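Have a look at these structures, which come just after this line.
What follows is chain A paired twice: with chain B in the first complex and chain C in the second.
Moving on to the complex of A and B:
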């Protein structure tokens, strides 16, 4: 049984409880008093599918799939406006990231959402050598949405790239593997162990 | 009273000496004001200055003191002399602080000061020291009507303060609405769980208290008298009637739950599993801490839905227009009955606006959320029968969806309706000698104004919620608890304590013959010259406090201890036979007349400002403190209430050549701020008729303006005076200058 189905089975019909138990800071969701200050304070608010206030109400209304498959919480830019203003003191930013993490863990996170995509690219890039390879990360971003768009973006950014080369802020040699931390193998072992421990904590069988 | 001997005292402190010619003012007091003694002092409110005045009172026989110094609102402790009248000529806030210190303005500033000295002396001449009301009460006992938590608190508090109490309760036991509850919202921290109602302990305390007499199954069939000497007939169901005397009355008749039968659209009456909040208490009492079972088939409730604002906050026919204030807290408490017994029970509260006023409010709401009660912003349209229980149809206002949910039990959070007796506007008083008991009346007062306390709004009794709670329009009768406004238990308990203090204040004031409130301690009282009375009944009708009854010949009968000393009767009287010792048609009229009136070639207009002493006058004082200036033509006279303004003052002022008249009273109407409830309204009504006077005198309507001024209108009040000065400049001087 998939992890997602395990959870559906376990919390049958009580999504609020599921969130309380599994989402980082999720036990705060029940304390929302629906004033809407968070939604009004969010600088990206109008672009969210469901602003935070609505997400909290949807959780209480057992709208499990709609919440977890939503792109909304991936829109959060961690500006902390909502946390600063919430009269009930809910750590809304953290809850949004918690929900995003949880939906990804369940395999429900939207595949094409740019923030989610970028986060994965960044992680893959970093985990390889223990250092972020900016040239590779940049290029992978350019080509995130296909080859044609990638070439277009690259041409647009051409002058900046050349100037960076001139002033030695970037070296094309990075394409050949680039620099890394002293013991990249060791780092990967650490990350692997951490993942194992996390899976045990959340009761997920070997991924 | 012995001969009048006026002593005028001009202060030279606070800059008065530098700005004004005080020698001249003293001369004016002697020459124009006919003061036998006129003295100046560098610092009148100092011990030395006060001693000087006291010395004149003791040795020179001065019995009318005129203090030409600061506002009557300042230094009241220093200038407090026994057995004399005190008039204050306001030279500081009224003259030097509101006029710029410039050489070319010195002349008009001095004229202003001189006029205030003349006016002070004139007031002194026409006042006598008040002697305290003749009618004095002597009864200490307090009558508490209603044996609910409010009435019981009032009774216990009064007994603790040493006053004997009679409690009259209509039903067969004490406890009221709270007595029928399983548990109550906590009254002390931590505000987390429902607590014992405390009713049993209070009943025991009342039974053990020797000062408290309880009448059960009893109603009041007649109340007469006044503070300090009320008499009430207490009739029991079995037919016996006893008459008791009281010093003051506390009406704690509480509220009745709204009849949920009027809500068939919410399923009440159609399904047994739709209950109101009183019935849920009964279910909880029956469960006694075990699982609560639904009425239809005794099934243990696994899902319960609360519908907030049921039949409330709605303009629909038969619904309550207002918020009952405690239903949100009550529903949270009742949801906890389920959650505390079994956290797996689904509890949903459908609210439109969740409001949890009072000290426990937010904490208790949070505790409810912590216990996983679901709060959902939704508007219920209908409750119908479902397959396994009531089906609630509602619109989720956050998710913007129409939804249906089935529950085992639906609780309607219904409101409260005040037990405020009959509406005296609808039910007229019996004719004299034809007394009939009205079973719907709470107090059955024999006042000519009606059998119960006036209703203020939505059927709740008096009075102003914020400025003077508990004080009803019937002095000596105080309301507390939900009869006054919707409230929860804790607020009702606080309310009862406050009303008890008011009742004690009233009966103690009655004992010494002075006003209870808001002019606490005032010894003056209305004096009525019966020979001149034309029995027109205006005073009896216009008195906002029902203080004036009528005798068999329709002459007014003043009940002094019911009186608040506002003077509305004095303002109403067309033949001017009502006055107070230190406030009368003459004492103000003579101030108006004794103002020096320059002839028209001087081009110096005069503007009369009659300002309410409670709000407008303090606002002008504060404007002065802030250095705001207003027209040098203004002459301000404080009045007890705009309602006390007799139109003769206006006619006299116009006849003696004033160019403009500004009247400043308090806000009237629904959200009134008038200390005497109707005074400001009466004045506005009378002034609307002044236009005719103006026409007969061939004067412009612009010469009289009436305004509502609040104490906070510090910038506006001086502006209104300046506006009049401008208007006068535009239309020209009055032709009535001689």
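Moving on to the complex of A and C:
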């Protein structure tokens, strides 16, 4: 059975409990009093399919797929305005990150959502050597929607790249290995163990 | 003043020929003048910068910062951890707080760290460089090193998000923090005290994945600096600096604006005011050149 189906079986009809158990800082969702300050404070507020206040209500109303398949939480810029202003002290930024992580784990996140793709590229990039390779990250971003669009984007971004090169804030040498941790293996072992431990906690088999 | 020593977390973007390598150059110059010793955390790693969550769950992300903190404890006992990057500082400080309040997570983190022979006590202060300047050095001392006051310059202090929220600088408000304005005045320039985009978001990492939405935010940040008569913007954050500087041409093309607003770091301002050369202040790292600072540095 897929992880998604397992979770549907386990929490049938109680999405709030599912979020409380499996989403980072998810136990805070019940504290929301629906004032809407978060939604009104978000720099990308108008672009959310469902702004944070609505997401919290939808979780309590068992709108499981509507929440997890939504592009909403991928609009979070991590500006922390909502956290600073929430009268109930909800760690909203972290809950949004947690919902994003959870929707990916379940395989429900929208496949073409650009931030979902970029955030995965970022993680893969840093996990490889322990440090971000900005050049490879940039190129993988340009080409994340296929070769043809990648060439188009790369051309559009050409001047920015040249400016970065000119001011020595980028180097082609990063293509050949580049910066990284000496003990990248140790770091990867830490990450692997952390993932295993977390999977046990949220009832996800390692497979 | 006696030398002050810190365990330093530079972060990915500060590395040689990376996007904020110019920040690092000016920080080194500034710290040398102020007798601040930065001891680099040996073999530090990326913090995942508020955008690792698609691939990394909570514990793996906490483990990233925990590894840096454990390495710091091992190498630099008794020294506070200091970061110059807003995201590095925030991720590390968040990890420290989360692991303080959740002993189960701390135990799991240590089980993961043990894979590489590391252990975290989690007993260090995690600080941003501006906290060191304000709290450990103080405005008066910062001002006493000024050799070339930046007179006649009007500067918009763009604090941005992550050095301001959710932790911020002690004693400052989230909505209108004053420390950057005070620094601007300390080096003899005039601060735009009604800069209304001071704590607005530049889009952060979404400038990469959602360029149009982010550039609409960036446009307002730069426009407001112009409206307030600013000659340049100053910021404490590498992502703010990059986002508000490098996309100005694209914004001009899209919105018909004529932006050419230099965006510098506080460490650039201090270095120039301390009489350092354009190279030491990393003015050669400006894509939009800060000509007025170059002139002062060249005098």
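The rule is short, and it goes like this: the second predicted complex is superposed on the first by the 196 of 207 C-alpha atoms of A that agree within 3 Å, B and C clash if a C-alpha of one lies under 4 Å from a C-alpha of the other, contacts with A are read in each partner's own complex, and residues count from 1 in each chain.
Here is the rule we go by: contacts are C-beta pairs under 8 Å (C-beta built on N, C-alpha and C of every residue); 3 or more make two chains touch, one makes a residue touch a chain.
As the structure is a computational prediction, the values presented were derived from the model and not from experiment.
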item: Clash or fit, chain B versus chain C on superposed chain A; value: fit
item: Which superposed partner A:139 touches (first chain B, second chain C, both, neither); value: neither
item: Which of chain B and chain C A:108 touches, first, second, both or neither; value: neither
item: First (chain B), second (chain C), both or neither touched by A:8; value: neither
item: First (chain B), second (chain C), both or neither touched by A:60; value: first
item: Which superposed partner A:31 touches (first chain B, second chain C, both, neither); value: first
item: Partner chain in contact with A:16 - chain B first, chain C second, else both or neither; value: first
item: Which superposed partner A:154 touches (first chain B, second chain C, both, neither); value: neither
item: Chain A as apex of chain B and chain C, Cα-centre angle in degrees (nearest 10); value: 80
item: Dominant contact partner of chain A by residue count, chain C or chain B; value: C
item: Overlay on shared chain A, then closest C-alpha pair between chain B and chain C (Å); value: 20
item: Residues on chain A lying within both footprints (that of chain B and that of chain C); value: none
item: Residues of chain A that touch chain C when the two form their complex; value: 24, 43-44, 47, 75, 77-81, 83-85, 91, 93, 97-98, 100-101, 104-105, 109, 114-120, 122-124, 126-127, 130-132, 134, 138, 141, 159-160, 163-164, 166-171, 173-174, 179, 181-183, 186-187, 189-195, 197-198, 201
item: Chain A contact footprint on chain C (complex, rising order); value: 12-13, 15-22, 43-46, 48-60, 62-64, 67, 108-109, 111-118, 161-162, 164-166, 174, 200-201, 203-206, 208-210, 213-214, 217, 246-247, 249-250, 284-287
item: List of chain A residues in touch with chain B within their complex; value: 16-17, 30-31, 33-34, 53-54, 57-58, 60-61, 63, 88
item: List of chain B residues in touch with chain A within their complex; value: 354, 365-366, 369-370, 372, 374-377, 396, 398-399
